[in-house]
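By written order: A, B, C and D. Residues from 1 in each chain.
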Amino acid sequence: MAIDPVTRTKRDVVIANRILAQQGVLDAYGHVAMRHPLDPQKFFLSRSLSPALVEESDIIEYNLDGTPADGDKRPPYLERFIHGGIYEKRPEVMATLHSHAEDVLPFTISKNVRLRPVIHAVGDMGGEVPVWDIADKFGDETTLLVTNMDHSRDLANCIGCGRLALMRGHGFAAAGRSINDLVRLSVYIPRNARVMLNAMRLGEFIALSKGEIEARLKLDTETPAMKRGWEFWAREAGVGHLLGDD
Amino acid sequence: MAIDPVTRTKRDVVIANRILAQQGVLDAYGHVAMRHPLDPQKFFLSRSLSPALVEESDIIEYNLDGTPADGDKRPPYLERFIHGGIYEKRPEVMATLHSHAEDVLPFTISKNVRLRPVIHAVGDMGGEVPVWDIADKFGDETTLLVTNMDHSRDLANCIGCGRLALMRGHGFAAAGRSINDLVRLSVYIPRNARVMLNAMRLGEFIALSKGEIEARLKLDTETPAMKRGWEFWAREAGVGHLLGDD
Amino acid sequence: MAIDPVTRTKRDVVIANRILAQQGVLDAYGHVAMRHPLDPQKFFLSRSLSPALVEESDIIEYNLDGTPADGDKRPPYLERFIHGGIYEKRPEVMATLHSHAEDVLPFTISKNVRLRPVIHAVGDMGGEVPVWDIADKFGDETTLLVTNMDHSRDLANCIGCGRLALMRGHGFAAAGRSINDLVRLSVYIPRNARVMLNAMRLGEFIALSKGEIEARLKLDTETPAMKRGWEFWAREAGVGHLLGDD
Amino acid sequence: MAIDPVTRTKRDVVIANRILAQQGVLDAYGHVAMRHPLDPQKFFLSRSLSPALVEESDIIEYNLDGTPADGDKRPPYLERFIHGGIYEKRPEVMATLHSHAEDVLPFTISKNVRLRPVIHAVGDMGGEVPVWDIADKFGDETTLLVTNMDHSRDLANCIGCGRLALMRGHGFAAAGRSINDLVRLSVYIPRNARVMLNAMRLGEFIALSKGEIEARLKLDTETPAMKRGWEFWAREAGVGHLLGDD
């Protein structure tokens, strides 16, 4: 018998945490969430815990404003607001990520260069990636953390209708049409950053064209080919047994 | 009793997949194939699967045009055409690879610099490596994927009589006189790319001379020394038991 | 029943050694110490041993001048003086580290650039990090090692009231308000160095502002969020069982 | 009862192979040798085998000219001559290495920059490291391999009375006063190369002074501190049980 949609979603949150930890997109910090499959005003996110350790029982149901939907008292992530801000603004977004992936960080603090897609796998990242600097609206005496809905809504505005925004001196926030779509993109974002950085050492480089970006964005995100990463990485991360629907 | 040539070939495809995954030349994506040892109009390639997971039963027999020779219905790699295009044009080629190896990617998008052999182990890579840009012939609204024989034949023409071509924003395709020859070269191509990139940070550098490239190309590819990598890497990848002929 | 403060401290020294080895901040060399919780004139440090191998029975009690407090005859670290020099000068410091972390080393020998905090996690590193060159006071015929209290006091003066000093051609020495504070900062110092180095390849970059540094320095170092790393990394390093107080 | 000097030497060759493979100084290729402890006209080296796989029974006794001393018929390393050339010229050298360590390779092909010691651990590497280009004496149509005593003696002359020479487009050859001395230095040579390369991205840098190099060269190579790496790395490489003399 197939499992119910809520259990499926919680397990997918676990799988995504483990994959992103194993692939180095998350480390001791950072988090990944999914919108509630039946109630778009809620989302699922782990309690405050390193992603590599997250299990199904650690998942908490949150309202979009970051309050626990069922009164769960366990310590939450300080920056859980990031997720609700995006879900609130973007009804089609089903999965969200906050990462400190190291190789993206240089692009978050550069005054001269914006991250662009240079490899086919991140064509659906969009064109130039915007950078959200918390100091622009909230001053230069913050801890750089997104600790309330004001911060979060401002960040979500920066993402706009795109896939992600870099966060100055901090990391990035990304949105997916599905959890697979989010994870696949996020695994390749740091790689794209490394490739672009290294290509710049060789001189001028060719980024993906507007037409190529559009063609990549039109691809079905849930084909066997597009899910090959999700399935392989889940096994690599030791959670292959959570993939099945029984 | 020695195993038959077809079984030997299928096992070598498995070994090559596992080695190249373990050595980081392949990741969740990419694939490696071998020409049929008895019928040059066919080749062996895994079904759509991450290389680290490939087993003997996953290998499918294909016609050079990318159709399954025996009606196998399992989902194929979208880019299986890459292999047939090379086998069609180059009768002496016995093994082929499509890789997204990250450290090669900067050279696929550079407007200024071509990859050249700078370390002895890739002397048989040839001189300057050509870059195939799918947009040149097929326009700038593709997904960058090689999804038919037109794409593949154009790529094979770019390789010409050489060992490989880089694919813009995507990866590379390589050809080997034997599976060992292909794997050995492919393991060192990313290393050569890193060394050349780092040498450029120091200023001018010395590439292999024409005479050195020719001397390396004349080396017997199947001596104990040349197979030392294949045998060691197979063990590292957990498939040492597939090496023996019994 | 809770364990006594001395046992707790020794176990924390073990945990810190193992975490910093597993995270690559220490390798075969380097060491981490804690001030005695009941006697501020003493500190705990392993006998001469690679950090990944340190166990509770390897911990020796030292006087601030680097002599063993209980006559322990096992070979000590040659550079144990580093720790005493800092404890002597800085009563509030409870934990100290000497590391050769590779990615910090370029900043120890640069004539042009000083390490600065560019990522939020190291905001409490302070602003520009000072570099201590042993040759300035002790001449250019030393082995670069800190082998007596004269060296150590000079190094401690360079740290001043800050968190760390780089050591030219050698590594760095760091101080923490608690062991967790020290370890968390130290794990991210090499990352910050890599990010700054890579950002410089993109052109000009934005470091943390004075106000942001102050805000980060005011954070409570012992919240669940700030201890998430310590707990996760301890598990990763195989010493999660030493975390509990029983 | 202590083991005899020949068995001790063979085991040390095994330990060195395993350490250098585990530390990434050797990969599928490269080799490390020791002079015979009782007969300075002979040396011990593995048969043709990847260093990570070498066991005591794989060690062959060679004459300095690269012929097997006891008629051993197993395939030898093609470049075994490297070792004899150094032992012949340098009576005090007891251990030798040939490595392709990737991070040293950029310095082997640079027209502008010579590798210099910038971190204390390689102070005993000497000042500027010479580069041996096989083409200088043997023309530019070789395979770059050292396959006879003429090549080897020319390489040994380039090392001179120093610790190592880089080999253009190929790797390096190094000499040690003891196996521990050789291994310790060789583990840190690639690190020194990375640090120097990265420091150059920051602008001008400070190398070790002549006096510091001399002070490091005078250090006793066999103290507990200097052997800490050897003992730790042997355990990491799974050959800690070969360390003891019984």
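Here is the rule we go by: a contact is a pair of C-beta atoms (placed from the backbone, for glycine too) under 8 Å apart; a residue touches a chain by one contact, two chains touch by 3 or more.
Note that this is a predicted model, so its numbers are computed, not measured.
**Student:** Taking shared residue numbers divided by all residue numbers at the interface, is the value for subunit B and subunit D over half (same) or under half (different)?
**Tutor:** different
**Student:** How many degrees of rotation carry the C-alpha atoms of subunit A onto those of subunit B, rounded to the nearest 5?
**Tutor:** A turn of 90 degrees brings the C-alpha atoms of subunit A onto subunit B.
**Student:** How far is the middle of subunit A from the middle of subunit C, if each middle is the mean of its Cα atoms, in Å?
**Tutor:** Their C-alpha centroids are separated by 33 Å.
**Student:** Taking each chain's centre as its mean C-alpha position, how far apart are subunit A and subunit D in Å?
**Tutor:** 46
**Student:** Multi-chain contacts in subunit D: which residues touch at least two other chains?
**Tutor:** Residues 201 of subunit D touch two or more partner chains.
**Student:** What topology does the chain contact graph adopt: line, ring, star, complete, or other?
**Tutor:** Here the contact pattern is a ring, one closed loop where every chain has two partners.
**Student:** Every pair of chains that touch: which are they?
**Tutor:** Result of the pairwise touch check is A-B, A-C, B-D, C-D.
**Student:** For the complex, which residues does subunit B have touching subunit D?
**Tutor:** 118-121, 123, 191, 194-195, 198-199, 201-212, 214-216, 219, 224-225, 228-229, 231-233, 235-236
**Student:** Subunit D touches which residues of subunit C in the complex?
**Tutor:** Going through subunit C, the ones touching subunit D are 28-29, 48-50, 52-53, 75, 77-78, 100, 102-103, 105-107, 109-113, 133, 135, 139-145, 168-170, 197, 200-201.
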